[in-house]
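Next up, some structures in structure tokens.
You will see subunit A twice below: alongside subunit B first, and alongside subunit C after that.
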Partner chain A sequence: MGNEFVGDKPRRYITQNSELITIFIMATVKINGKEITVEDGTLILDAARQAGFEIPTFCYQARLSRLGSCRMCLVEIAGQKKLQPSCVTPVLHGMEIFTQNETVKTARASMLEFLLANHPLDCPTCDKGGECELQDLTFKYGPRQSPFAERKRRFHEKDEILSPVIVKNHNRCIHCERCVRICDEAVGAKALGGIGRGAMLKETSFLNKELDCDHCGNCIEVCPVGSFMSLPYRYKSRPWDLVETDTVCPFCATGCQLTIGTRNGSVLRVRSKIETGINKETLCARGRFGYDFIQSEKRLTKPMAKKNGRLTECSWEEAISQAKNKLSSAKKIAGIASARLTNEELYLFQKLMRNVFRTNNIDSGSRWTDKRTTDALINACNLSEGGTSIFEALKADLIFIIGSSISDENPITDYLIRTTAADKRKNLILAYPRRIKLDSSATISLKHTPGSEDIVISGILNALQNQAVKTDGSQVSESDIATIAQRMKTASTISIFLGTDSLRFANGKEMLLGIANLAKALKASGKNIKVMPLLDRCNQRGAWDMGVHPSFLPGYKKTNSDGMDCTGILEASSKGEMDAIYIIGEDIVSMYPDAKFAKEALSKAGFIIVQDMFLTETAKMADIVLPGASYAEKEGTWTNQEGRLQRLRRALQPIKAAREDLSILSSIGGFEYKSARDVFEEIRKEAPGYQDISFDSLNNTGVLVKGHGAEKQGSRGQGVKGSSETKINPSNPRTLEPSNPYLDDYPFLLITGNHLFHSGRLSQKADVLKRLLPESFVEISDKDAAALGIKEGDRVIVKGKHHEAVLRVRVKQGSLKGTAFIPENFEDVPVNCFFKKGEGIPRVKISKQ
Partner chain B sequence: MLSNKTIENIKKTIAKYPKKRSASMDALMIAQQECGYLTEEALREIASILDISTVQLNEIAAFYTMYNKKPVGKYHVQVCTNVSCSLLGAEHIVEVLSKKLGTKKGETTPDNKFTLSEVECLGSCGTAPMMQINDDYYENLTDAKIEEILKGLK
Partner chain C sequence: MNLLKKIFFIDFIKGLSLTFKYNVSRTITMRYPDEEKWLPYQRFRGLHTLNRDSQGRELCVACELCAKVCPTQCITVIPMEDVGTDLKSVPRGISDRIAKVYEINLVRCLFCGFCEDACPTTAIRMGRDYELACFTLDCAIADKKKLLTPRDIPAEFEGGFVVKAKFIRNDEGIKVKPDLSKKKRWW
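After this line comes the complex of A and B, so read on.
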């Protein structure tokens, strides 16, 4: 892991003249006779590792709070009678330390003997056997004998099932508390505790009941023994029979590293590796358990063509030649590609559409408002200027997150921020209408009216410039705004994180321009500002970098003429002006925020080619369906929201007759690329930010993409720069729905987004994830629930102007009154039916069934 | 459901601490005084008042023997079996009590009169072996003394 991942530990002192000075004190110590100089305060464990001496540990984990309870890491310090735990003892200048003398070795062996005394040693039936830290350390340091002849502690005979994904064997637990700490400190779910005492301590859920938690499985991952186990994986394989492939999570744009384990061509599990990737051993439920879609029975396995109005299987030759003919003969064509495709595929897609079929009508994603808003985001986050490490961004004194349900949309980014915010000197300011998990770590939580983000931002800007603050329509108090401005004034480094609400709401552009202005103002006052996007599709940033956008080419070079964005394409299609549309991996009918319009528009398209893994609602409307591949079946790269380029590696061949998307694109375009690497070589030439990166040297850390060069800032050329100079006039939220006569009849603003267990519609095909939450729901605040006499779990009718649904209620304490949330993921509750193009955030009425 | 009075008392005690969660132990005791033992519902309610997770409150309740996790009889006989008491015959005391009361440790007599529990050090090591019945200490126990004490509990 590069240095980027290691925090420096400066000591800050205030001098008598109130000056702040930062110094790094060094300490020189002798470890096993070897002299080493380290930063003062370094743990003996780390110093020893730096000096090249391995010290075994159980309870120590770098990202967790220090516990010092297992005593595996004992070392001898000259002059001290007792051995000391090196994982909690810092070095002192001049210390002489022994990590491998006889005393230490005997101590280690005895600690293991104690642990084994109560350990069932049922390795032959334990899932962990072969990759168990207790086995491995006993093998290496153990006493090689077992004089203990008493009865062993025993909690139960059968493993206890704690959730649809977690099964627990308490007998094997060695009480390292890693599970409890990861759940509390990183995940923030606080779902586990140490119940009881002494040998009878049980690390488990509240009253040992079924867990109602994030189901992230991080407790399983950190457990050194086979105490926490994955239920879907239990008894499926011995670890040494698995073939493991390191790749990247296909869901959100956090870009977690994960490892797929396959055996005889079946995907059996996904795990994460300690201190690997930005996620450092953590994953969320979808990354860890959302793998069974890869081999789902519902996968498309053969190409299909419409014959007599019905999709019928056909040969690849026939499908490709039809697609090619239609795309080349059609007059007006367009293409929409999913931001889950690899950079190579996206690059090839735009090249195919632009160079072969001569159109700039291309877009990625179909969930947003329009390209002007995406341009504003690209500009506000300076995407064309290269990547920013999240670890750099998190060093800021103040972190401001707006418009993101980050705990649900980017769970591991949420973990990283939670751990950072544990430092009380930092300010974490969160602005999002619903109460989310990260709120409990925030110094200030703003609950503003959805769609009033621009008011909040201009309020802060005005307060910073000592101008009058108006927050009408946002439900945020002026004093909160003043406090935020005050905190921003005193911070010297500020990181702003922008969520996808900015792309979903009608006021998104104003909000983004506001952020650009705010960043500018803060920069002008001498602060170090970083603005980063929080994106919900793994390769959204890559899609823009690759020029899958109507007005710029790879590397944000401006096109000669602007094409149409997704909305434009659909509008044209609805007028019967689209002769052919090529759609890859994007379920427009299910995701476009106006289902009826999208469906009608596509029904008027001359010819539709859909390339996907599943027969989505959109694919059902296609004339040709081409079965593509999943992330586990392809090679390539993704660029996460930080701008970090990471490598995908193939774990399996595409299912049955499905083909890698890259090869489908090559066939249609008649390109001669042999591999993703070949395409990447071309990307390096076209997108300057990728120029210095070598495909083969991409490791688990990835590489931050560089800036694409000043003269080519396409995003700047979009007129965005000009408008960012102008003063923003926040739109009044009452005018957001200017012509809505139903205001009182429909008292709730309906917002949507991803649920923690889901990402778009893809994760719906993962049965394990479906089991975690079988049914959709509508979430409202406790205040609204009380006012309506509704309890958690009640069935209610959610009625909008265009759609209605019957759903169970979830009550969220602390969410903003008048806000309802329905996840956008559930196939049977298509939330986009509530939306109408041009009407902004829909309003709904909620009543008891 | 905790009574309004109990909730009031918990809120009052919270005011004594810089952080809500610091009042956990007091809050558990206050609730136990009302309910006799800590029900699942009471734990949930307290956790929500204190703004901590249910399992974190569960940890505290489970660690201390003074919190009852099950209903107890009219007289809760708690025998210390920690080191000092143990060295001076605590196990024998438990046996005697078990026979006299006709109940095993950790259990309650069918008439709901006595619950016999083993507990950790009650800070009365100087007068070991000892036990606590409801709120009172009984020290320097002998078989005869136990006979006497039990007679007094009707």
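After this line comes the complex of A and C, so read on.
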């Protein structure tokens, strides 16, 4: 070969003596006369792009599998008679390649001519016009004329509506199959396929029927032409009319980058940009189509104050001064802020509560019960030690995900993991009671009894330490646990992803302690371990970083005296001890797992101030309601679950008289911050992890937050003290022994969480998302359905000890027997009514109506 | 000779004869706007019209190309889907994409005719109306309804002459209504 360098990618050869040798090879090729050395096996396309030559493509996309069907990327290789598609041909050492000579140019023009021969060219009515790859490439490389006079292929006159968000025009399809591949390889929905052959090939849904898929719209985004189109954006505008603003998705803590397009002050669409952000052009349904809540009719537009028992509109001055007076005169006060606010707002919120109103009674979120559990999560995931890139985490040999319905809660994290797990050398282990989409990519998927995560984890821990494994009460086989332990032993890098079920279930603390111990044990055996949280609120991690927590200040510094968490606040309030509660963006009545208790508690509070976008159940109980702003209406930063700080940018001014939450907080506290940037400067001083980050240089990739350097032990709250023991006791009192489910009074364990199309109650205000799934449902396993004689779509009565609801059934094949799932998002089915504080996971009975 | 010319006022008579000739020849003063009006040639670039096809459907598909090409950006087009089209009723436009808003700001328009050139469906044409004065700025915005209203001078009508006309002044402004049948040679 003559020219061998050391590269990164190993090549393994077997010599004549059957020895395995590994060498790293680089190849030197000449492209248009320019020499370039690349790793052996690089595609000609990539090599040419590296060398600075442009090659047009349609079917090639870096993240998708190679197809080589469109032939736009043809290049000439010296010595080969036929032109070769550069997107599937690797370089060979010594190759001489031409990418812009006459032959290649003619070939490109002819390929375009072939594509256009059957293309309707109805650009004037095509929504893609102006951002169409076919238009662009035709202008750049096209023949500009066509002798083709035959009739064009025509499938239909009217576009086909495939779903409430997707409309399809088959006539315009150029068969690049990007849609099919993205749906398959990233989304995992496998909803699309080709029907027919040759020119009559149609990329569409199964049997060309209405799609019952994830409605993520990624097929729309990747389609280079106007074949897949968005229905909500249909005929609304031209791309050049839109003012586009890059910002971050508010619906989960994956932190996808998205681009909001507005025209004359109204939001017309959300799209994603290729190779941008961690999501790299993909989004899920709520990110892409859940934007219409921003300009919903139901938004609060004016402050309101309670007069004679009724909320009536009032002026900002009146509302602010009343709020200020009440908060400063009250003896005992508390504050709960949503983990959807920006870091700046959260920082200011805790500063206001701590420095101005002198209380540590602050918390973020109200879906969870116990601050010691959140402490345990913060500890298990080492949140105070800075961010971990998900791409680093995904390089691990073994990925273990527990306690998360990841495909629903964090869809893009699910896509990233699916793409990574396509590499069969990786182990993907999932532990979640229901069957979820990612199960199809998993090497092992455990279906354990909800709430028995600690048993599973301590089982693995015991197996790792060659001790007896007991899995009673978890419905998981001991052999599965042994296999997992075995795989963990052989893996050298392991990433553990921890879902929010750990914060939802009563035994969450034990589970989190278990994870911390498991990580410790694995680390001790010389493995590289990363533990990452999978969070459901976009800025949950930021909220903790900013010290919106009863026992941490910004940067996880310990407070002098612990305040009360959400449960503590409600308990105090129910005793009539709370004089004033300040709630921002959190709908406690709908979300706290015991609706009755939360409502009663709040009704006994002295004075309630609610700052929100909508008149939520909690806001209805307030004495003062302050209209806040949506994510599209503010500047600031969010820290996603990885610890990646990303910048939100303002696309619109707050609706009518609503105000940015930052300015409301400033007026109440009398602070003089001019912008989010000013507050961020202060955060840099207070939270050491943010010290080196400059607000203005935050781009679409974001920056990983560094460690905060808070002292490790003793700073984590009491619950974690016991973590020095390596064993936990798996023989907790179990109320969840697998008894005969059909004889018990309440045979089902009810689990809840976000549905794929929803995130908390916020997305309920997005009409497009409501159209995707108009009503709530209860999901049970196929075995239970068969035993009860229930079919998909039947109406059943779900009866718990404290609440009952009539719902449609969804049957999920492969879910664990004896578990029922109801999404927590629907306003008309408040699942938190099934819960009773202190009772743990609720049990329900399901019967035919 | 010179003396004779002087005695008989020859130059004076010559001059006067020209005056008298014009006195009896056909008058060339166009009594615009009271009685007559100049009808421009077909190629004239006056107030735009939005056109319909032979079945009465709007030709404009709201592609926004006219708005894009306009050098003064005086055209606003907001498209929408014509969901009302079913097979029974006559659809509003030639496609299910029609203009929800179509506005031309005549104060900014410089009558270059680019929009006409850009239009893929010949929906927008420059018409022959040139009396655009009005009392408020609002009426300088030509909306879709106004642009779709058929004009006094149809596109097929050949121009390049003066016709009898009537001067109308009302609250909306002034207008000179031509009577196309009363064609008069100008000059």
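Just so it is clear, the second predicted complex is superposed on the first by the 798 of 849 C-alpha atoms of A that agree within 3 Å, B and C clash if a C-alpha of one lies under 4 Å from a C-alpha of the other, contacts with A are read in each partner's own complex, and residues count from 1 in each chain.
The definition used in the following text is that a residue touches a chain if its C-beta (ideal position, glycine included) is under 8 Å from a C-beta of that chain, and two chains touch if they have at least 3 such contacts.
Quantities reported herein were computed from a predicted structural model and do not represent experimental measurements.
Of the two partner chains placed by the overlay, neither subunit B nor subunit C lies in contact with A:Arg684.
By the document's definition of touching, of the two partners only subunit C reaches A:Arg234; subunit B does not.
Contacts of A:Lys158 after superposition: subunit C is touched, whereas subunit B is not reached. When the shared chain is aligned, subunit C comes close enough to touch A:Pro124, but subunit B does not. By the touch criterion defined above, A:Lys817 lies against neither subunit B nor subunit C after alignment on the C-alpha atoms of chain A. When the two structures are aligned on the shared chain, A:Ala191 is found in touch with subunit B, with no touch to subunit C. Of the two partner chains placed by the overlay, only subunit B lies in contact with A:Phe206; subunit C stays clear of it. Common to the subunit B-facing and subunit C-facing surfaces of subunit A is no residue whatsoever.
Every residue of subunit A that touches subunit C in the complex is listed here, in rising order: 123-125, 129, 158, 234-238, 240-241. Within the complex formed with subunit A, the subunit C residues making contact are 61-65, 68, 78-81, 95-97, 120-121. Here subunit B touches subunit A in the complex through residues 40, 43, 52-56, 58-59, 62-63, going by the rule given at the top. The touching residues of subunit A, counted against subunit B in their complex, run 189-197, 205-207.
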